[in-house]
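Both complexes shown next keep subunit A, but they swap its partner, so subunit B is in the first and subunit C is in the second.
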Partner chain A sequence: MSFVFATAQYESGDWDSAPLVPSNVLDSVARYTQIAVEPTGVIVSLGSSDLFRYPFVWLTGHLPVRFSPAERDNLRAFIDRGGFIVVDDHNHDIDGAFHKSATEEITRAIGALEALPNDHALYRCFFTFDGPPTTSHELNGWGDNLIHRELHAVRRDGRIGLLYSNKDYSSEWNYHAANKRFLSIDNTRFAVNMVVYALTR
Partner chain B sequence: MTARERVTRVRRTLMVVAVLRVVATALAVALALLLAILVVDRLTDLARPVRLILLVTAIGVGVGAAATLAWRMRGLASLERVALWVEERLPTGWTLVTAVDPRYSGQPMLEQSALSPRIGELVRDTVMRRLTAPVGVSLVALGILGSVPEPMRARIVAPRAGDVLAGRRGAPLETYVATVRAPAYAGLPDQTLEQPATIAGLEGSSIEIEGHGERVLCGLARGRCRAEQTDDGWRVRLVMPDSGAVLTLGTDSVQRLIALVPRRDSLPVVLLRAPERDTVLRLPEGTIPLLADLRDDFGIVAARFEYVISAGIGETYTFRSGVLDAAIEVGQGMRGQVDIRALGMGPGDVMHIRAVAQDAGPARRGLGVSATRAMRVARESDYDTTTSVILPGLPADTSALSQRLLIQLAEELLERAPRLAWATVVEESRTIGRDQARLRRLVADVIFQRLGEDVEGEHAHGEDDDAAGGLSPEEMLAAAEAATQITDQALDFHGDESPVVAVNRPLLEAYNAMWDAGRELNIGEPRAALPHMYRALDAIQRARAAERVYLRGRPTVAVLDVEAIRLVGNRRDANPVSRGGAETRSGRELLDRFVRAIGRTDSLLVLRIQLLDTHPEVAVALGEVIDAMRTGGETRGAMARARALLAGAPVPTSGRWEGW
Partner chain C sequence: MRSRVERIVRTVAWITLAGATGLAWRSPVVPATRAVSSPPSVETLARWALVPPADSLIVTFRGLPGDTMRSQVAAIAGAGIAVQWRDDGVDAQAGEVELDVSTGRGALRVAGGPVEVSDAAGALGVVDGALVVPGLVLPVRAGVVPSAELVPSRRALVLGTPSWESGWIVRGLEAAGWSVEARFVLAPGLVAGPSAIDTATFAVAIVLDRVEPVMARALLAFVRSGGGLVLGPGALGAPVLAQIAPGAVAALARSAASLALPTDRADLAFRPVVRLRADAVALDTARIAARREGQGRVVLIGDVETWRWALASDPGRTAHSAFWVRVVEAARYRPLGDRMAGDPAPRASLVAAFGPPVQAPAPALPRWPWEAMLFVLGMAGLMTEWASRRMRGAV
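On to the complex of A and B.
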């Protein structure tokens, strides 16, 4: 059974704002691990039961987020059953519409976000990081122009169920995987940690 | 006839008899043993491996007996030994033995002994005596075996998977056989399984399970199964579902669960190798080679290169598409070429090209497609201007609420309206209306920019005078349509409309619907506003689809060549992957459940199905446990392995001697 990168499609907002992230992350998983991967990602509706077929789901966007009741219930069940979802603020703006509405929706659906310590197992489960890797977009003049020191998470009994990021990995990783050869250090390595954590914890 | 010739003739006859005797003896011994095995099988219901061993043993004993006999008759090779054999039975005072000796042959006195008519009688008598017993036994054994029903006989003479049903009848649902037939396109052989706890096969395979005894009922959570009575028992038919499932078979007294583990037929993986990247051509001429790699688990049945050529400038574009001839070479992918001049491309034209492949699976699953490459023919003006890299557009106005969100808010307000005061409903409705108006103005910005009008034109209405002053919605739509010089064409992009019109017309429709929705919301009528809001959303969606001109712009176009990139990354600072921590509650829960489930195979089976996706290695170990428990085999090793995997502990080795 191969790993499938699933992008969450939700009713409100622009869920497809980072179309190249799936292939890029899959490329990294194949490049560094022996995990079997599918050559392309899939799009799964957050409100459909198909969500439960994928242990790892990516959710991003710029616009305000308002989950439908079905999406809210599904997200709650997905986390409770051991799923792992990454919610990434494509605006990298803690004062932005996505951040405010998404955090409110997450709190409403599955509980409050809490800061994830920078020595958490997520940062060591494959590659070693001192904390969440910075992105070239955090200080690009848009968004809040902050270096976000930590990620946030909703946990279920010690295990991360939802990982929330303001670091805009959706912009950072939204390029064709073939262009990785121009980078001295692959900036998608943290994605491998996310996938390995999701599949092994 | 001389004495020597006579003895030679006797020897020839005896040799024929010997051969026949050897064959008949081998046959008699083997058939007698098979008869004995058949009796034992009827009494004890021998397992297939045991029957196979006994069959080989019976044949071996028969061959051994024949070989022994042949060895004992090796004296037939010598003429003197044959003469002695005759002398022993018809004494002639050694004259016959002497007569066959070349040194003394031809002497009349000796030759007389060869004329005795009793030699012929002796040979005939020997033939009868030596052949009667083995041939008789063989015929009797063959007769008995022939009278045994074919399924019982086949269990002994040709043991095969699935013949367990011809054995003794046990308790209900104790004995059953499953036959899995993969879809014809896969070309896989049928698979027969005896008492399987797990049936694995290609998605869509037909499965037939047969057994003895009373009729059974069947249940399948995903998909349908059909149980029917047969002359000899029962039969259940079903189709392998597309995801793991548990099939339940039951009678009044017994229930049995069977895990169904499907294997999915993947879509073809298509990688466009050449052209390697997007290209700008200096002149509209030349031939460009095309190369694509095709891979599929069951084989490709059709593949081709597809292209779309867009030509035009400004707001006038034409599109045409087609298919290019391609040759598929086994192991080398698909090759073709595109002749730029033959396709009539001119300066400024852009060709989008991709490779498409179809496998033999059901067509509804779609096609495998490669990434798209674009080849543009340069214009003359390209050479006297500075080339600019087009950056992404300005970010969207993220403060505006989307039409979907506005619809959600209106629907929620409508639900709460019966419990709210009228004034509150009107107030909240107007709030939504204001957001609707903001969104409408954004849409107007897009329309006016595209039509080349004053961007601020719509704002001239003022902040809150949507329905009054300036142009009415109808007038604005008419003005916009006049600007496009199109007033009565259908609102679709499948005809000859230019892309600009195709994009703008749905937006104009959305804009108009937003006016209507805003008007209703402003008077506190969310119910009346919703149909207009739905219409606006639908129109926006169509505009969005029109923006995404085939083939570029669709998400998830990149296809990875997984095998090519596997483990090529630098893993120098990678940590060893720590697997499933025992500290997690999910792990503890699974472990507790595993411990509780020991001894209850069906619970283990359900647990295994649930773990197929999340803990595949544990599922494999549980499968071994279940098989061992059902067949009465050794379970400790597999159990220890499953338990260690769940607990996150080191997995014990098999216990075999190692390192010697």
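On to the complex of A and C.
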């Protein structure tokens, strides 16, 4: 009954643009918590019934996203039944192709995104943050060069079902876990909050 | 002469004002005492278990308190709050039973007003004075059990490490109207959720993983005082809980169907419940067993990863919720209004638990406001002295 990190594979776009995020997040969860984890992540097709084996799913990409009908139906059922999916804009660009198309698809499939208050339980359920932690990529000259002050979410019964980020955590956490030792503060701590929130709410 | 009188008046006035200040300063501090209105309700006492405590609690019983009430008051007393009780009719409604075992005939003598006589099938009637009843007449209860005591508590506590199983159990029970709290061990030394458990707050505890020895002992006390305890296979890692479990669990049994998305509970993997204790009852062949421990019940469930059932389909989500409701209903604390009636000496039990009853305080006599009087006199003296000086032209 270990925690499994699943990366969503969808038919359009570049779903595999951050291949080191799963192992890095799993390393942090194992390092800081008592939660049992599977040492490697899995890849699950968003349009297949296998999606319902993995309640925590990570979805990212740079390119435009167009969900197939099966992907859209699965996403809706997944959220309604209690699944948790993180969608991260790998472009960190609110005027970019991924953001515009992904938010359209999300709205069509499960409803409009709403801003998540920065005092939400997500930011306090393990480590304490005063909002979504800033990434080193937000002002790197690419993307929109904005510090994105908040995350967005689609909720079901008060619980986050889909968490949407323009922070580009896919770039921020896409490195080998062994290199954390060169960081003064581990920048993947917020990923632990995401996992703990998903498991406890 | 006049100025000498003025000096005397001024001096006396200042002394009077000082005295008034001193009296006001020494006003007695009323200790924090809260009296629960009579008759106290289960909800009142449950709220008491949650609000910041005062120093003492006075409960007024009108008639014999039920088992729930006694347990809740005892839990509050156990938390270090001085509990006293007032006798407002306990004696008058107490009955005395004499039973001749050889003939099976008993006699009931009522010390005071009418009492309701009932047996397990329901009420037999209301008697006043003495009555010979053929056969067993227990339980006898005073008055009618307050309806609040019959309202089942639907509060549960889930304990373990964060997992999909615990999360879906919480959601499934909440969807069915239960109020659920969770206590998660997030990291070594980091625990989120309630740190104590008692029957005043929770009806049932669901333990999915091994818990620390302190919490295991608390759960043991909880179930023995009437709480319900549901144990998952992982909970048996705690020796204290393994000792009270209805049985043990064998190795994981995974069918071919359990490898696919489950459409039914039968598709789920499970650990068979084996080596049932003599006093245990199998509620579901090989998967669920239960036994009584003290006044509570312990249910051992061999199903693992039932969340897969809930995530697999919409009917599965509904069925998963219904299944867990059935499990906790089988275990949960049920207040039994007639338990205390089986107590041959209910008043003695109350005295043993909470000491002799205290007398209702005599109405306090109105206190003379000495400080106010002295203040007025002092100010009047100062004003008189000041006016006298002004009238004779002095500064």
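Brief remarks on what is shown
Convention: the second predicted complex is superposed on the first by the 201 of 201 C-alpha atoms of A that agree within 3 Å, B and C clash if a C-alpha of one lies under 4 Å from a C-alpha of the other, contacts with A are read in each partner's own complex, and residues count from 1 in each chain.
Convention: a residue touches a chain if its C-beta (ideal position, glycine included) is under 8 Å from a C-beta of that chain, and two chains touch if they have at least 3 such contacts.
Remember, it's a predicted structure, so these values are computed and weren't measured experimentally.
Superimposing the complexes on subunit A yields a three-chain arrangement in which subunit B and subunit C clash. Of the two partner chains placed around the shared chain by superposition, subunit B is the only one that A:P19 touches, whereas subunit C remains out of contact.
Once chain A of one complex is fitted onto chain A of the other, the partner contacts of A:Y32 extend to both subunit B and subunit C. Within the superposed three-chain model, A:S49 lies in touch with subunit C and out of touch with subunit B [touch as defined at top].
When the two complexes are overlaid, the chain among subunit B and subunit C that reaches more residues of subunit A is B. When the shared chain is aligned, subunit B comes close enough to touch A:E11, but subunit C does not.
Once the two complexes are overlaid on the shared chain, A:E71 sits clear of subunit B and of subunit C alike. Within the superposed three-chain model, A:D168 lies out of touch with both subunit B and subunit C [touch as defined at top]. In the superposition on chain A, contact of A:D186 is made with subunit B only, not with subunit C.
When the two complexes are overlaid on their common chain A, residue A:G82 makes contact with subunit B and with subunit C alike. None of the stretches 5-13, 257-265 or 329-337 of subunit B clash with subunit C in the superposition except 257-265. According to the touch criterion, the shared surface of subunit A, contacted by subunit B in one complex and subunit C in the other, consists of residues 1, 32-34, 53, 55, 82, 125-126, 157, 159, 196, 200-201. Contact residues of subunit A toward subunit C in the complex are 1, 3, 32-36, 49, 52-53, 55, 77-78, 80-83, 125-126, 157, 159, 196, 198-201. Across the complex, subunit B is touched by residues 1, 7, 11-14, 16, 19-20, 22-24, 26-28, 30-34, 37-43, 53, 55, 62-64, 66, 68, 82, 91, 96-98, 121, 124-128, 142, 156-159, 176-177, 186, 196, 200-201 of subunit A. The residues of subunit C lying in touch with subunit A in their complex are 161-168, 171, 182, 184-188, 192, 261, 304-305, 307-308, 310-314, 317. Every residue of subunit B that touches subunit A in the complex is listed here, in rising order: 243, 266, 269, 395-396, 398-399, 401-402, 404-405, 408-409, 554-562, 565-571, 573-575, 577-581, 583-586, 612-614, 616.
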